[in-house]
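Look at the two complexes coming up: chain A is in both, with chain B in one and chain C in the other.
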Partner chain A sequence: MSIMGTRVRRVEDPVFLTRGATYTDDLTDERLSGALHLTFVRSPMAHARITGVDTTAAREAPGVVAVITADEMDLEPTKHFPAVPDAMARPWLAKDTVRFVGEPVAAVLTEHAYQGEDAAELVEVDYDPLPAVTTLKQALADETLLFPEAGTNLAVAFGGEDEFSDDLFADCEVVVTQEIVNQRVAAAPLETRGAAAAWGEDGRVTLFASTQNAQQTKGEVAGWLGVDPGLVHVITPDVGGGFGAKIGADPEFALVAWLARHVGRPVRWNESRSENMTGMLQGRAQLQTITIGGNRDGKVLAYRLDVLADAGAYPRIGVALPTFTRMMAGGVYDIPKVETRARVLVTNTTSTGAYRGAGRPEATAAIERAIDLFAAEIGKDVAEVRKLNVPPPDAFPYTNKGGAQYDSGEYAKAIDTVLEAAGYQGLRAEQKARRERGEVLQLGIGLSCFVEITAGGMTAEDATVEVHPDGTVTVLTGTSPHGQGHATAWAMLASEKLGIPVEKITVKHGDTDLIPKGIGTMGSRSLQTGGVAVYQAAGELADLAKQRAADLLEANVDDLEVADGAVRVAGTGTSITLAELAEKDQLRIESHWDGQMPSFPFGAHLAVVELDIESGKAVVDRILTIDDAGTILNPLLAEGQRHGGIAQGIAQALLEEVVYDADGNPLTATFADYGIPSAAELPSFTLLTMETPTHLNPIGAKGIGEAGTIGATPAVQSAVCDAVAHLGIRHIDMPATPLRVWTAINAAQNGSDA
Partner chain B sequence: MIPVGFAYERPSSVDGALALLAEHGEEASVMAGGHSLLPVMKLRLAAPELIIDISKLSELSYVKVDGDEVAIGAGTRHSTVERSDVLAAESPLLAGVARTVGDPQVRHRGTIGGSLAHADPASDLPAAVLALGGTVVLRSPRGTRSVPITEFFTGVFSTAKEPDELLVEIRVPRTGGAGWAYEKFTRRANDWAIVGVAVVDGRVGLVNMGQTPLRATATEEALAGGASIADAAALADQGTEPPEDLAGTKEYRRHLARVLTRRALTTAAGG
Partner chain C sequence: MTVKVEITVNGESTSADVEPRLLLAHYLRDQLGLKDTNVGCDTTSCGACTVLLDGESIKSCTVLAVQADQQSVTTMEGLSTDSDNLHPVPAAFRAEHGLQCGFCTPGMVMAAVSLLEENPKPTEKQVREGLEGNLCRCTGYHNIVRAVLAASGQDPDKAEGSEPDMVAPGFSTGSGA
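Presenting the complex of A and B:
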């Protein structure tokens, strides 16, 4: 029986649940013996000129080995995204100017970790405050510039205003426009950032780092240090969550390696939660203006999305994400005319990067709000309008207006499935009854339909599979996990081809000496790239085994089959185990897989909220989701991904927001202030099944990692808006906190009184 | 997230703790559960030179009936208060409010005395004891004194307790079967209340509506004068100066105080 599609329990969990994982900060590797501990002095100001740094007292503090400032560093400021103005390069330690709260100003190295904070407090930095740019509209005004030499706060623009046509909505009976906020959120992985570096006598550095992709980290760190990549060995121990914010290397990683070389001792660094909430890349942070037009019969004819995106102080990967937002702007809808542009601006805030969905949730949120607003304007049901505008199944492969080719999809069926499972008509009747009775707890129903892009841009991975003489198997993969369950899934894929149980298969990842090639885990790409590479390599290994066995068994290759870890002559008792073959000659295959094209998972989410009209508090009562990611390899793992994504989606809709005051001080830098959810804020999720395979790979799988955040966020936001729609409210920005909802209700009621 | 260095003492008796307090006074911080103190120390917002750990003093952990009152040792954990049969029968509001503090981990560490002595106007238990009209008992080498809860809270994180005094006992009246309710309004289950309202026997305590926990005196007087719940609740925010933060504006908190007071009074009245 095939292992594919079965609920194999995670092989990772026994250790995680007993001894615990080994994170970067837990390492006892002998290469790190005698390591110094790095503590950063970070800027408490969002924008200021540095007029003096005095390290005298800090250098004399107990345990201090070195205090390094920009003056002692020989690394040039570096751009962390190529297409931005040169002036926006980031110094490794701030020299003349600080541009966000949390920017490293000095590095303190101590014998023990606890000595670092005491010494860091003794570094005296004089700041001359500058006006802070904290909002996108302020940044756009260019009145205060973060980088005066650049002459603008604009980091990069995608699409120009001249691409907007004057007559885009000329044919439309109805046009609706709305400015909407896709707020800044923090990735907040439970394991904060960490790195440790030790230089060997051979001139190579071993860098242990908490990252989603060791190989990219190696390349980046080597480039920043100006050394041959062959001199950098990156190892990722267990990684406790990343959510996109641990893609590649952080500048701090290079500093750790540079400092270790500078002082001639190993250096380790693990940030505190407070540092993480200002230092780690944050996500979303778009201000969108949507305009949608169509006819009163419900057909959408034109859509425009104009994006301002926040790069934070120093442009990093977040700068590129609006390209995904633009590409996916039209969502699941077959809209004749779509126009988009995005301008990415620097502000005196933490830099932005990928966050679970990375550009696609922003697109989905915008178009789903637009469809709701359009439906409200023409007085039609939101489900009906959606179904009227999606392409039929026979339209696939379907090329959208952003140029993306959707491989497969059945959008109307996804919508119908959630509507039916939710008892949509009954919910609407209940909603109507509560409104008529004027109940305090009103019902809101939110529907979203989404399509997203997985394995976007990077469709290839390598894999190595080797059977050992003892019958065990080693799999090497370039996609390393940070919670997803690769060790289980990849073992299943090898087991399927070799008939060797998963318990005998070890999946290795995240060591660049052992596995030089790899792109990593991000963008919901792993299974359809790294996983398929393993599946392909294991298949090729089975073929190789058959060829070798053919001679030994004096049989025709075509009569051989691989099952239960052995090559058998079909229909006979004659066989030889893979272990025996491996004993005679190394049984190992390296394989390269390239799917060439990204895949496009899709789905529909329906959220039901109960909203207390008096207090403004919305609670998600139910959420039902279709997350069609093609053929599912392991439902247990897929459900885990959906659960986590849905939770984060609900949290963005209702709770989470990184907030700065007008001076650029972060107001949400602790978990007391930042609204990450607990189980108490979430209902049980109803996961509905739909599997539309992709033709792009042999296992039919698309990506599942980010679907939850993409679908759930607009569904919940929409449900909140729907709960108060009868009061004349059309839109409430996220997060729909009690205060924000109550303010909207209050304004609507005062407006109607007037 | 590493505190400034400090000395640590764990006295084996209340007298031992009092001796340390007398010697070190304001340089010392008393720690019971540590859930309020340690986070601010880790953020370096507080840097006491000495921690006097009273968490192991079993003589401070009790709940007992004493005359017309229930006496609760200051070192009694929230989880004990929450589950106390004595309180369930004699002062159920206190047990009910304790059940809403933080999460189970917090309730297994935090103590009622710690909560009152910390005097965070956003905490639940201070307003509950205020609504109950309780008394706190303070001890020092100079002697023991009782302070009515109405005179105990003097400002944000400040109380009438002198530096050499230790809060040793909380006394609340036996309200028995009198109606009670606690309405705690939060974003997340284990957040501090944006606003909380504790009601018992016609008295109303407000959480997070000013510098200290407050009594909604206008509401209480209206109720005593025979006003309807709705009319009395509409006065709940009178005389308050609520804080303003990300979770709530002054206006929103005033509104919540009125709504939650109405709900709490309705529940307490058996509605």
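Presenting the complex of A and C:
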């Protein structure tokens, strides 16, 4: 019986549930014995000139081995995204100017961690404050420049002024426009950033790092240090969540390695939560202007999305993400004319990067709100308008106006499925009754339909599968799990081909000496790239075993089958185990898989909120979702990915927002201030099943990691707007906090704009 | 200045001369090498460091080692005899896929043990409110809640407050059917 599609429990868990996972800060590796602890002195100012740094007192504090400032560093400032002006390079430690609260200014190395906290307090830095740029509109005005030598706060522009035509909406009976905030949020993995480095006598550095891809980390750190990549060995222990914000190396990783070389001792760094909330890459942070036009019968004819995106102080990966937003702007809809533009600007805030969805949730949120606004304007039902504008199943593969080719999809069916499961007509009747009764608790119904790109841009991955003489199997993968359960899923894929139970299969990742090639885990890419590579390698290994067994068993290869860890002559009792074959000669296959094209999962979410119109508080009562990611390998794991994604989507819609005040002070720098939800803020989720396989790989799988977030965010936001629609409110920005909702209700009742 | 503490941890006597400011979490991690107990925030918000102190769940990042002197601490390492014989709560976490990255897990499991000690048959709402002090970024809590209900001997699909209101026949509810 095939193991594919079954609910195999995780092989990771017995260790995780007894002695626990081993994260970077848990390492007791002998290479790190005697390691110093690194504590950063970070800027408390968002934008200021540094007029003096005095480390005298700190150097004399107990346990201090070194205090390093920019003056002692020989690494040149570096750009962390190629296409931005050279002047936007980031120094490793701030020298003359600080550009965000949390920017490292000095590094303190101590024997013990607590001593570092004490000594860092003793480093005296004199700052001369400069005006802070904290909003995108301020940045666009260019009145205060973060990098005067660049002459602008514009880091990069995608699409120029001439991108927009004058007559885009000329044929439309109805045109609606709206400014929408897709607010900055924090990835907030429970494990903060951490790294540890030790240089060996061979001149190589071993860097242990909490990252989503060891191989990229190796390349980046080698480049930053200016050393041959062969001298850098990156090891990724267990990683306590990433959500996109741990893609690649952080600048601090290079500092850890540089400092270890500088002082000639191993160095460990494990940041605090407040450092994490001010220093780690943050996500979203777009200000969007949407314009949608169409006919009163519900047909959408034209759509325009104009994006201002926040790069933070030093442009990093976040700069690239609006390209995904542009590509996916039209969402699931077959809109004849779509125009988009994005301008990415620097502000005195933490840099932005990928966060679960990374560019696609921003596109989906915009178009889904646009469809709702259009439907409201023409007085039609939101589900009806959606179904009227999606391409039919026979239109696939379907090329959207952004140039993306959607491999497979059945959007109207996804919408109908959630509507039916939710009892949509009944919900609308209940909503109408509550409105008529003037109840305090109003019902809001939000619908979203989404398509997203997974394995975008990076469609290849390698895998190695080896059967050992003791009958166990080792799988090497270039993907980099941090909660996804690859140890289980990849073992299932090998087990399917070899008939060896998953308990005997060990999956290894995240060691660049052992696995030199790998792209890692991000963008919902792992199963359809690294997983398929394992499946392919295991299949090739089975073929190799059959060829070798043919001679030994004096049989025709075509008469052989691999099952239960052995090669058998079909219909006879004759067989030889894979272990026996491995004893005679190494039984190992390295394989490369390239799907060539990304896949496009899709789905529909329906959220029901109850909203207290006196307080403005909305609570998600139910959320029902279709997240069609093609063929499912392990429903247990796939559901887990959906659950987590849905929770983060609800959280962005209702709770989470990274807030800076006008001076650039972060107001959400701890978990006491930031709205990360607990179990009490969330409902259980209703997952509905739909599997439309992709033709792009032999297992039919698309990505599942980000779908929940992409679908849930607009569904919940729209549900909140819907709950107060009868009061004349069309749109409320995220997060739809009680204050924001109450303000909108109050404004509507007083006849002014929200 | 150091102070001598004697703390029974997972049934074994431990003792050390520690700084008065040493957090219990760091005593467990750094003095004893019990790395199960994770520290995820600075503000007693996340609960990753939850352990039992004389049977009561506490956040060990907010308790000094000296405050635990002459008392008894249980961490997740102390629950199960070995990985083949999991205590009912971690066993339920595995069965229901109540963990992903694993960072919140030791604290979440200990909070769940304490919750079930106080309320052996909680409703879904009571589980959610009871675990409010423990944050998880991966699971959306759905399967954690199911795991705690299952560990209490209840069928997570049928426990009070667990039934989806209206689900059309034939659809998965993510319940493992």
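Operating definition for what follows: the second predicted complex is superposed on the first by the 751 of 754 C-alpha atoms of A that agree within 3 Å, B and C clash if a C-alpha of one lies under 4 Å from a C-alpha of the other, contacts with A are read in each partner's own complex, and residues count from 1 in each chain.
One rule holds for everything that comes next: a contact is a pair of C-beta atoms (placed from the backbone, for glycine too) under 8 Å apart; a residue touches a chain by one contact, two chains touch by 3 or more.
Note that the structure is predicted; figures quoted are calculated from it, not measured.
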{"item": "Partners on chain A (chain B, chain C) - clash or fit", "value": "fit"}
{"item": "Touched partner set for A:S678, first chain B, second chain C, both or neither", "value": "both"}
{"item": "First (chain B), second (chain C), both or neither touched by A:P189", "value": "second"}
{"item": "First (chain B), second (chain C), both or neither touched by A:S274", "value": "both"}
{"item": "Once both complexes are placed on the shared chain, angle at chain A toward chain B and chain C, C-alpha, multiple of 10 degrees", "value": "40"}
{"item": "Residue contacts with chain A in the superposition, chain B compared against chain C", "value": "C"}
{"item": "First (chain B), second (chain C), both or neither touched by A:S615", "value": "first"}
{"item": "Partner chain in contact with A:Q484 - chain B first, chain C second, else both or neither", "value": "second"}
{"item": "Partner chain in contact with A:D118 - chain B first, chain C second, else both or neither", "value": "first"}
{"item": "Which superposed partner A:G240 touches (first chain B, second chain C, both, neither)", "value": "second"}
{"item": "Contacts of A:L655 with chain B and chain C, given as first, second, both or neither", "value": "first"}
{"item": "Partner chain in contact with A:L739 - chain B first, chain C second, else both or neither", "value": "first"}
{"item": "Shortest CA-CA distance between chain B and chain C [superposed frame, angstrom]", "value": "5"}
{"item": "Set of chain A residues, in rising order, touched by both chain B and chain C", "value": "113-114, 272-274, 670, 672, 678, 680"}
{"item": "For the chain B and chain A complex, residues of the former touching the latter", "value": "1-2, 4-5, 39, 43-44, 103, 185, 187-192, 194, 246-249, 252, 255-256, 259"}
{"item": "Residue ranges of chain A touching chain C (in the complex, touch as defined)", "value": "7, 9-10, 12-23, 26, 28, 113-114, 188-192, 238-241, 243, 272-274, 420-423, 426, 482-485, 622, 635-637, 639-640, 642-648, 670-672, 676, 678-680, 682, 684-689, 708"}
{"item": "Of chain C, residues touching chain A in the complex", "value": "19, 21-22, 26, 29, 33, 35-36, 38, 40-46, 48, 76-77, 79-80, 82-84, 86, 90-91, 93-95, 97, 99-106, 109, 124, 127-129, 131-145, 162, 164-168, 171-174, 176"}
{"item": "Residue ranges of chain A touching chain B (in the complex, touch as defined)", "value": "113-114, 116-118, 121, 272-274, 614-615, 617, 655, 659, 667-668, 670, 672-673, 675, 677-678, 680-681, 737-739, 742-743"}
